[in-house]
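Chain lettering (A, B, C, D and E) follows the sequence in which the chains are written, and residue indices restart at 1 in each chain.
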Amino acid sequence: MNASSDVGYHAQRQSRWHYGEVAFWLIVLACGFAFPTRYLIMTDILRLALFAMSLDLILGYAGIVSLGHAAFFGVGAYAAGLLALHGIINEPVLALVVAGLAAMVLGFATSFLVIRGVDLTRLMVTLGIALLLEALAERFSNITGGTDGLQGIEMQPIFGQIPFDMFGKAGFFYSLAVLFLLFLLARRVVHSPFGLSLRAIKNNPLRAAAIGIPVNRRLIAIYTLAAFYAGIAGALFTQTTAIASLDVFAFERSADLMLVLVIGGTGYLYGGLIGAVIFRMLQELFSTITPQYWQFWIGLVLVVIVLVGRQRLHRWVLYVPNLVIKQVAGRRAIVAVPESDA
Amino acid sequence: MTIALETQNLEKTFGGLRVTRDLSLKIEQGARHALIGPNGAGKTTVINQLTGVLKPNSGRILLEGQDITDLPVHKRVLRGLSRTFQINQLYPDLTPLETIGLAVSERLGHGGDWWRRMGTRNDVNDEIADLLNRFHLLDVMNEQTVTLPYGKQRLLEIAVAIAGKPRVLLLDEPAAGVPESERHDILAVVGALPREVTVLLIEHDMDLVFSFADRISVLVSGALLTEGPPGQVARDPQVKAVYLGEEAVNV
Amino acid sequence: MFTKVHLLSMTAILTNLFDGVAYGMLLFVLACGLAVTLGLMNFVNLAHGAFAMAGGYVCMVLVNRMGWPFFAALPLAFVSAAAIGIALERTLYRHLYTRSHLDQVLFTIGLTFMSVAAVDYIQGSSRVFINLPAALQGQFDVFGVGIGRYRLMIIVICGLLTIGLQMVLAKTRFGSRLRAAVDDPRAASGLGINVPQVFAFTFAFGCGLAGLGGALSAEILGLDPYFPLKFMIYFLIVVTVGGSSSITGPFLASLLLGIGDVAGKYYVPKMGPFVIYTMMIVILIWRPNGLFGRTAAR
Amino acid sequence: MSDLLAIDSLRAGYGEAVVLPNMSLRLAEGQVLALLGRNGTGKTTLINSIVGVTRRFSGTVALAGTDVTSLRPDQRARAGIGWVPQERNIFRSLTVEENMTAVAQPGPWTVEKVYEMFPRLKERRSNFGNQLSGGEQQMLAIGRALTLNPKVLLLDEPTEGLAPIIVEELLKAIGAITRAGGICSIIVEQNAQKILGLADRVVILERGTIVHDAPSAALKADPSVLERHLGVAGAAAH
Amino acid sequence: MFERKQFSRAAVVAAIAGLAAIAPAKAEDTVKVGLILPMTGGQASTGKQIENAIKLYMQQKGDTVAGKKVEIILKDDAAIPDKTKTAAQELIVNDKVNFIAGFGVTPAALAAAPLATQAKIPEVVMAAGTSIITERSPYIVRTSFTLAQSSTIIGDWAVKNGIKKVATLTSDYAPGNDALNFFKEHFTAGGGEVVEEVKVPLANPDFAPFLQRMKDAKPDAIFVFVPAGQGGNFMKQYAERGLDKAGIKVIGPGDVTDDDLLNNMGDAVLGTVTAHLYSAAHPSQMNKDFIAAYKKAYNTRPGFMAVGGYDGIHLIYEALKKTNGDTDGTKLIEAMKGQKWESPRGPISIDPETRDIVQNIYIRKVEKVDGELYNVEFATFDAVKDLGKTKK
């Protein structure tokens, strides 16, 4: 049937790999070789990107707002830290997965609280959970080291072969590999019927239920998965920095994350990656220019982004590539980025 | 005749207000049944109870003889009860292709499938293509819903409900708000619904009601006033009174 | 060690209650403007603390640098914060009323960052204090219960404000127009009430209250450029726990939070903020719209 | 006599949906217009469009010769539009008296005069809006619109929920108010019989379009028109 | 619907833009000091004092030493350790700094320690005060203080001066715990009794309830340690609570009566006795000049954090002089060991074994001098080493 194969073709349009995407990842990989002196900050960007991708899964796809995503990051971070510190699991990759699972368990448990209520309640409940964990971590300082954090973490080599080095080279490629694998998984998930149903729930939960989608179950599933991602990001943080301190739970971490995702755009997975690059670059730029007052400029950027309108801004950003594509390839120009958030 | 959808002594109160009063309806298999009544008669409340959005205070709802009173919305859908909304309830960011694809996938039980990509199941694709074709949406299948003309959105609204292969379909004012020029498409599509689907139409537009329905129930103040074939309802003096206001009708 | 302290003596309980009430009242004055913007205009204004900070610094400059009497500077704290509020409302905020909560959150976090850095630039990052008149310093004893003069003044001022606020809302035409606008903005507008104007005025008033609260709180909470970030969470707790449909909810939530916080620190110092966060989560799960929120509406 | 209300080529609706495709209607001082039609034919949308709370695509609305199209609803209200909404929309956290004083504008209609007309409201003056019965709410909605001292009074199903004796008095009062000068009224009704005695003129809507516009006397003379446009049988005959 | 392909092109563009921003810095023939301080966040005042003091020193002494130009590269870490670590690595690898310096809090100083070891460059700690820091790397040297230094001394002093019962209030983090433990050890060894012990959260808005608890415990004195910047709040509420009237004294390390805030604290602070390394009232000519210059430049009084910074940069200068401009890290750290000089706080030196500071600890009492509040020194303990290490 002609129309049917046509439909199949178009339905797969989004999930097919494109040259641009391949190029994107090649460039990221190339960065690892081109800038051997900037591994730490690039690793930082990768972790942030993974963390942002986690938020994108719930915010960009399912429309769940969260001001407390650091809760899962923190659990992952402490889990990885404790595993390494006490030598429970010495192999980083295995520890990473276990830490992610720990966060995932928390995600599943708290998802029941989060799927209830309106946006504001969600913001506050998620924030509350993160703050609560921070308070707990401070309270049980005999386990967590309290305000001073876990001291003396020493990471064993990855697969027993590749040691973490001071300049963060191993950490960078390790993080990159993890990010890429999890990206592949996320990409697969969001282009599945499950992923599509999340977007439907975000767009219109009433109608989603009316075509037979078990809304709550889907939301719980994605929230749990996102918690896993955030936990992995947190565990990567601990493993690559050998630090786990209370600020992994901090409100600022969750807030920054939101900014990253919004700068990059939600609902297409690359938003977190691009946002992380731009955000860190901006932060780096501003804090180099003015180490004391960089927050002012970050704030200004945010205000401008919102005032101008995220959609319009993305259109402007895409204006030049648009023009190039039009000239070179003679194809239809990019119109807009999907943006309709909770 | 088998009964597709039935309510038994349905009661619903909001605060002290009885909005559904002892309502017992029987809708036969394959019927084209219309539910009419003046403003505030409680039609929407009845729909919401049928679909599971609201819970009745008492009374039962039976779908093909099975009690569905306590089932959540999505489970009723899976049992074959679908609805359209008076005000479009679509996914603004999704395309008609995705919207229908999703509905079909959910029905076939692939909705929770998180590994297989969309568009890789031929049975799903076939069905999507068929629906897009029937509802005149093939040409716009890759447009974002929010950008479609109102009439196309209305068609999509009905197509989504049909994609669930319902055995009973509740149509809530399908032609509401559609410009005159696009109205014809909607009426044609509604008229061409397969006979095996039982349709309950909630409608103000009497032209549409009388051209479509083979049976009409009149709801007043939450209670059933009368029921019968169109001719009989049209002649009913009580109905006349409700609509024209000869006398106040006490129920 | 516990045995040596008579933790459960009547005076200890009363002193804690007094301190808790004062703390709660302060939180209320600081946060009630946020309840207004959130409940009335459905606008998430995370920059609310910035207005409080503005009021605090204005008061500090007037008193410490220009030698104004403390009580003369307080109204100025109100006025300046309200003026900044109305200026921002007219130029920036009103464009965002119809935007998503996420946009509002980002925008106001951005404003908060800017205010933090700006105040740091102008006034430095050290904590500042406002020179108090001698009459407000120290404590006096009532049947063994220590009554702090400054806290007593806070209770008096904030109590009067709360009563005044309630009176304005309940008894004046503006109050009834405001309530009408909240109840049903569409009908209110169709019946001749200029809803945006009413809201703008209310917004400015809320900012003014925050400014006043900022000036009053410098002594107790400390005033530095990070004030808006540090206390943002407290304000949000007050508003979400109390519900934002009336001022009674936030008022009671503030008292609850104030007393709970003080008692928590006194009796279980190690548990610290744990008590409060748990309380908030439980309340929000039990009643997603807050203790006194409207459950039916929206 | 000049037109107090003039609607020209108004196209309006909600969101993307167009309910009134092209509405033109003029109303002179002292006129009482009965707006009839089945459910969903756009009666309330027409009222709401005059008030200014619908989406306007094109066309104009003028009040006493002044174009009010670009005015906000509250400005229109102050310019002289008194609205009794279909859902009554009583402010529930305001008392009966506050419901009126909050919107009142100077003029002959004072709260006291409203109390004279509805003594029941006076008894309940300090009750809150959400404590009133349906009938009381209806009285209050009308009283509230009157204290605005409007030039155009828009009543969307004002008799709904009122006892017959009150309905009669109310309709009489509306007639008297309107004819006392400086005012015109539009009453939306489902129950045509109730209102034919009062109205000077009857407009019937179908799918947002005027299908009948004539003096009410003509309609009384020929009930088949009503049957055709409002009844159930009329459609069956198609 | 957006076009994925085109979008990912945009992603590529963004990535390239990102790359362009990361441009490697080239090394020059200067001496670079990477200064990592909390310039934002709750600890910002610490960072600013140190930065100010360093700027002042370089204005006074010029920015060349041993023929090399000294360049300061300031990075903000907001007192968050992972940011410290990233900043330190960036500074070492890209900016090729010869020193890393600053470090507002202990975790920050610790986070940078392994980098200092591996890169073999000196880490000059100018603020953080936990004993263990200098043990974490042979390249760490400290010009601030340790809490053990002052806490033990005030513990001994208290017992000898008629204080028998003490309640303690300390911030719940490593320096606070150091202060508490060293104090307790010395105080109880001398026969004193700790009747109440409260650890308060580091970020703590209101001391009132804790203070009430202190008051109800009826001690002779309260031993207090709160981080620099919070002392003002504490003292205010101490007075408000009427603890001064109840005859409960405040003792502790000098953080609580930090000079830069002291003047705002009100008269209740009068009579507070603290043990500390520095007082703005230290009666040396050098200190008077330092204060005058600092006040002139920044219009505020310097606190002990500023002195830590001032001495820190001095130590860097001196080390460079000694190596004749050689920037080899190992040589520099050797040059730093055993350095002795006169600081605004008095005579100080670097312990050649522990690389920690050896300094006089003064017992001071808050008094009013010319209408301003000062910590007036009345007893001196000479050349105190860090007892946290000498014990081991």
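For the reader, a short list of remarks on this structure follows.
FYI, a residue touches a chain if its C-beta (ideal position, glycine included) is under 8 Å from a C-beta of that chain, and two chains touch if they have at least 3 such contacts.
Note that this is a predicted model, so its numbers are computed, not measured.
When you average the Cα atoms of each chain and compare centres, the chain farthest from chain B turns out to be E.
Centroid analysis (C-alpha atoms only) places D farthest from chain A. For chain pairs C-E and C-D, the one joined by more C-beta pairs in contact is C-E. Rounded to whole angstrom units, the spacing between the C-alpha centres of chain A and chain D is 55. Between chain C and chain D the centroid-to-centroid distance comes to 44 Å (mean Cα coordinates, whole Å). With centres defined as mean CA coordinates, chain B is found 41 Å away from chain A. Separation between the centroids of chain A and chain C, computed from CA atoms only, is 34 Å. In chain C, the residues touching two or more other chains are 116-117, 120, 270, 272-273. Among all residues of chain B, those that touch two or more other chains are 93, 142. Looking at chain E, one finds that residues 1, 40, 44, 48, 201 touch two or more other chains.
For chain A in complex with chain B, the residues that touch the partner chain are 1, 3-15, 188-189, 191-197, 199-200, 203-204, 206-215, 217-218, 221, 267, 338, 340. Within the complex formed with chain C, the residues of chain A that make contact are 59, 65, 67, 113, 116-121, 123-125, 127-129, 131-132, 135-136, 138-139, 251-252, 255, 258-259, 262, 292-303, 305-307, 310, 341-342. Of all the residues in chain C, the ones that touch chain A in their complex are 38, 44, 92, 95-96, 99-103, 105-107, 109-118, 120-121, 229, 233, 236-237, 240, 270-274, 277-278, 280-281, 284-285, 288-289, 298.
Across the complex, chain E meets chain C through its residues 40-42, 44-45, 48, 195-201, 203, 205-206, 208-210, 212-213, 215-217, 229-230, 232-233, 236-237, 239-242, 245, 260-261, 264-266, 268, 300.
Put simply, chain B touches chain D in their complex at residues 36, 38-40, 87, 150, 153, 173, 176-180, 204-207, 209-211, 230-231, 233-236, 239-240, 243-246, 248.
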